[in-house]
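First chain A sits with chain B, and in the next complex the same chain sits with chain C.
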Partner chain A sequence: MAKKTYDLLFKLLLIGDSGVGKTCVLFRFSDDAFNTTFISTIGIDFKIKTVELQGKKIKLQIWDTAGQERFHTITTSYYRGAMGIMLVYDITNAKSFENISKWLRNIDEHANEDVERMLLGNKCDMEDKRVVPKAKGEQIAREHGIRFFETSAKANVNIEKAFLTLAEDILRKTPVKEPNSENVDISSGGGVTGWKSKCC
Partner chain B sequence: MDQSFAIQDTLEKGDTCLVAVQGILVSPYTNESRLVGLVKNRETLAIFLYKHRRMAICADDVSLDEIIPLAEGVIIQQVMPAEGFYVIGTDVTLRIKSLDIDIVMQLPFGSHTQEFLRRVNQPIQEGLPAFPSQQFVWLRKYWQRNIPSVNSLFLNNMNYEEERQLSGLDINLVSDLEADKMAMNGQWIKANERVDPSRSPQMSVRHNKTTFTDLVRSADVLSANKAEMVPFTKFGLRDNLIKSELLKNEDTYISIQNYRFFVGTYNVNGQSPRESLQTWLSQDSEPPDLYCIGFQELDLSKEAFFFNDTPKEEEWFKAVSDGLHPEAKYAKIKLIRLVGIMLLLYVKKELAVHVSEVEAETVGTGIMGRMGNKGGVAIRFRFHNTHLCIVNSHLAAHVDEFERRNQDFREICSRMQFAQADPTLSPLTIHKHDVVLWLGDLNYRLKDIELEKVKKLIDSRDYKTLHKFDQLKQQIDGKAVFEGFTEGEIMFQPTYKYDPGTDEWDTSEKCRTPAWCDRVLWKGKHITQLEYRSHMALKTSDHKPVSSLFDIGVKVVNEELYKKTFEEIVRCLDKMENDCIPSAALSQREFHFKDVKYRQLQVQTFTIHNDGQVACQFEFIRKLDEESYSKPWLRANPSKGFLTPGSSMQIELEVFVNNQTAAALNAAEEKIEDILILHLDRGKDFFLSVTGNYLHSCFGSSIQMLCYMNGYMRDTSEETITQLAQMPLQMKDNFLGAEKPAKIPKELWMMVDHLYRNASQQEDLFQQPGLMSEFEAIRDCLDSGYPESLPGSNHSVVEALLLFLEALPEPVICYQSYQKCLESIGDYSSSKEVVSMLPLHHKNVFKYLISFLQEMLNNSEKNHLDIKILASIFGNLLLRPPPDLPKPSNSDKRRCQEFVQQFLQPEDP
Partner chain C sequence: METEQDEVAQDELGPEIALDKDPFQLTVEDVYDISHIVGQDLLKISREARGVSSLVSDLQFKIVRVLEMLEALVNQSSLSAEELKMERDNLKAEVERLLKDGPQMGVGPDKMVIDLTDPNRPRFTLQELRDVLQERNKLKVKLLVAQDELQCYKSGIIPSPDDQIVTLENESMITCSPRENESKEKSTVKSLFSFKQGKQT
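Our next item is the complex of A and B:
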């Protein structure tokens, strides 16, 4: 029963245009809360969350980046070392969707080659203001061979699922040494083994 | 002018004067001029103070007055003058403190002072060597020769130092008193930093403060790449937190479930098993869940005693295994034996999966207090979520030895230690278990009662009365042993001593009194004793076996509830961990510096407040691929620091355009624009945007550009400036068509002409520093054309002229001609030849300046100037080695001066 508190540490990164809701997505996942006031992230912030996947305790360290254009050259220097990148756009903001290819290029140029990518169309609770059809998001994701979710940090739609899926995809690629499962010490000091338990 | 030559002249071979500056030694009585030199020998530095004649040129002009080694404990601090009004950017007032010197110096505004401070600060920031030490012995010759009144402490220590070297002893020479003094000095600085209200944000000298505000000296310089900064907590700590939280919340996910334990003890008197043990082990109708079986005196042979090896182990193990309840299958969990003391643990096969963390240990208390003929063995294990410890002991024998038995018990308790899976945890003792079952031949006898009476009470089955004479009961009642343990009521006759093979009491010579030697006790919650009995049917030994049947309530985990609790704890810990990420708030993140001017410091202040729950360490860090955390014209002060929760600190952002940074800004290649990364150690990064506009200045602009520029610098459009800046150095006059370029920059003309008209007879010209405020007015006038004539004193105009020449991105003698000039020295005509090859405007400027200087020399009676003085000033301004060459040596400097001197000498008739 003495289980280790975590088996793996995954570093994830949230990127995308300013105002698409990266911080809110993170806040929903880490604190299960939502804040309507918009405070632009001027810098780099992170939170941690421990999840369990396939019996393994995985610690997620999730970095939230500044989306504003003037910081792009600086924020790209944080890509290296990320094992998963969530690229977020706003389904009510066409420009944020158009910039997806630019963000994907950024990932190609600056992130680790084997980084696991995922596309999120956020604010899907605001159906009346939608300008990016879901199909377009699915299409660009398919073209680049990455997963896609429409999410809402506000209405808590698909947030946990997105993070867990990304973590699972990373886990699948991670070579894991099977940890020794806990066994009962059936020592055979006496040499009589006829009815020795075979529970290992 | 550079007076380091005069100082160099006084120095021994191997010692170098790096920089000299003339300043005022401030004292309560009188202010005296001193020449301050920074002298270097190998890796160590010292400040030399000289009394001097006006305009010192050689050693005869100066006399050494004081030496301050730059060693541990020396403090150099910029201070405000105690009285008198303070003109922004004029003098720099320095307090220099060492073990026995505490002086205040005023250094003039200017490049020499800047250079001096920079050079002094560098080693202070890198850490100073201890004093006295062998490294500073080179100073001794100066002290002895030049300063008769030198403080004896230094010399004494120096001598001592040498003695120490001879004797080879390594003694720390800094006395406690000195150490105290140093500590106090440190405090003085800190206090001063914190409260100094007079500290102006507009100081023109920017470097020296930082030395002392860097409270976090050991702060790691972190790369901007977060990827390399992952490990931020010791997860082991988290592990233990989860464990303790799980334990604390155990009630939420466990239930108590009874399991039946059979506990038996049998002193076999060294015999082999000859009869089935079923009558002992399988007497009950229901098979127990666990068996804890203990033996004593398994083997009394010498071999067993000395080599701990006996065939009896196997025999009795087999006998027990065969005697276990036939209606269940059992798994042996553990067997442990110390000489004749053996303990066996079995569990029903299907329950084995719930047994874990099995450890076994032995403690001998026999001969010498260590040997295994007496003592105890124990097995600890975890069954479901309950931790159990089973102890089998054979305590000291003989009626009167009950104290010895008590002691054996205590020995076993204190020395029985089980290793834990986590080696960082201290080992477990017997008492740290939820359940302890203690069995064995404890050897306590019946006391103060006659044999006949014992037998009579046994015959009448009055065990209650007999029990009153039991030593163990007496000792437990007296709290001398087995504290916290319980024993069930004894309803069976004493198990010792019988004639082997019979149920008869001992008939041997010794004729022992019967006793309840063999016992079972327990400690813990949820334990019910169902049976406590002896087994008369077994006759192999002189003891009868004893058994006890228990129902023990074990903590069984509900997996679902456990998972829920676990997840809740993890969530809580995640929250705690997130809350413990260092956090801070900044009062401002965007900074605009309006109308930045050459050599005019602008400062903006913001507050960093630690709004997190933990202390935080902050630092401005480099961006990827950049050498420094900011552009060269920008500095943060302090650039790193440490904040306790709730505390705040003011950080100044200082913009200062100096000679090195002016050229690129003037040529519009560079803008006042930067983003700073303020990094919290183990936390977030803030981005700070710095913007501003630079007012282009003739200072730091090229001669060429200024000649081609029609209007004043500030009226010229950025576009034109960019165009002019890209001009090649050698070019035809009709560039840009329209107007003919000026022969020399008008700004230069304005300054020189001003001096020519007003200052040729000025006493001490070129020897007194100017005022910063006046320089600023002169700069503004040159760059904007207003007012029409230059403001300020002649000295300030001279200062401006020298700065102008110093700031030229390409010196008057172009870089590419530098080497040729040095080679031409001594041959005036070839020197002239080199000058004639200069680009047109540079040649003009050179000739113009030379003729101006000659004019000045014509008035030397009034202005006290001579060729040497002027050559020493202008030599190193007009000639500068290319930036890719190392800094000029003193002999190179001297040759530059000789080069200029040639042109100043009256022409041969």
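Our next item is the complex of A and C:
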């Protein structure tokens, strides 16, 4: 029997207003790089990153959604299969913070009930342009019983920590399986038929 | 009944009322009434004073000329009023037609007008975008799986023993042979039904 390259597969989803930095957050995590040019995500994209937690190799398939309203019917169909959702706002953009309740409602409507949620206040390197105090982010996260981090994709602040924390929270809920019984189907909703990565 | 009474009343009042009218309410008939009154007066004058008849007839020509001018003016203004009324009615009908057809022409509320000459105009449906994205992501998954697998071989995690190669060869033979049969069958069918080809495609 051939060896697998990972033990578990988690599907994560990034949501939030257009331009808050979802793609940059993901790019920093997956490629440890940052690009200032803003290219609006078309519909939905994903990246893969394998991490090791508690001696387990966990493949993270992270779906990056377009924040623009016009893609919402496409992006909401990807909520259902997600095991963890990162809701990102921009600390320099009050509107993106106000819209958090709208995004949380979207999660309630379209995602699995037991999905792990996390709130990220991105662009925390831009202190001079901050309009959302950290305390306000902490407060809304507390109200909804979810974790909160202020991040900066540009300055590489809390990015890895946020992803690893979310993955740990999911891992905690995941029933322990024998190494070879892993059958995580991450395809639901995404249209990707089967992640039958039987490497070798 | 009423209109008849009105007409009688107007007849009784005589043509003199035309002189009391608002100039902007004048009709051609009123002008003719005025012409009649003035003519009658002039006739009276020339009857009673024979000596001034030539003067009166001179005056008569001038008055006739003025009345002709008045006739032309009244005629024209009533005509243009009539024209404006017709134009107004036509425009009203046009507006009603546009309001009715509007939504179908894509100019109603919640509708968008697309400039067909704009090379960057919207062309594809949301479903088409969804399909393309799904296919892209599917291929991306396949690529990543293939890359993983390649990495496994490169790093020597999977040795490539002979039996595996044999398996691969067997598999490839299995997958190959039905295709060959299929293509042979197809070509036979093709040759048999070649006359139908044009219709089918």
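Just so it is clear, the second predicted complex is superposed on the first by the 173 of 200 C-alpha atoms of A that agree within 3 Å, B and C clash if a C-alpha of one lies under 4 Å from a C-alpha of the other, contacts with A are read in each partner's own complex, and residues count from 1 in each chain.
One rule holds for everything that comes next: contacts are C-beta pairs under 8 Å (C-beta built on N, C-alpha and C of every residue); 3 or more make two chains touch, one makes a residue touch a chain.
Model, not experiment: these values are computed from the prediction.
In the superposed pair of complexes, A:I74 makes contact with chain B and with chain C alike. Of the two partner chains placed by superposition, chain B and chain C are both touched by A:I48. Touched residues of chain A, counted separately for chain B and chain C, are more numerous for B. By the touch criterion stated above, A:S30 is placed in contact with chain B alone, chain C being left untouched.
By the touch criterion stated above, A:A82 is placed in contact with chain B alone, chain C being left untouched. In the superposed model, A:K11 makes contact with chain B only, not with chain C.
Chain A residues in contact with chain B (one complex) as well as with chain C (other complex) are 2, 5, 42-46, 48, 74, 77, 190-192, 195, 197, 199.
Chain A meets chain C in the complex at residues 2-3, 5, 42-46, 48, 73-74, 77, 190-193, 195, 197, 199-200.
On the chain B side of its complex with chain A, the touching residues are 224-228, 230, 235, 238-239, 242-243, 313-314, 317-318, 321, 329-336, 349, 352-353, 355-358, 382, 385, 421, 557, 567, 570, 573-575, 577-578, 581, 589, 623-624, 675, 677-678, 684-687, 689.
For chain A in complex with chain B, the residues that touch the partner chain are 1-2, 4-6, 9, 11, 30-31, 42-50, 52, 57, 61, 63, 66, 70-71, 74, 77-82, 182-192, 195-197, 199. Across the interface of their complex, chain A is touched by residues 126, 129-130, 133-134, 137-138, 140-141, 144-145, 148-149, 151-153, 157-158 of chain C.
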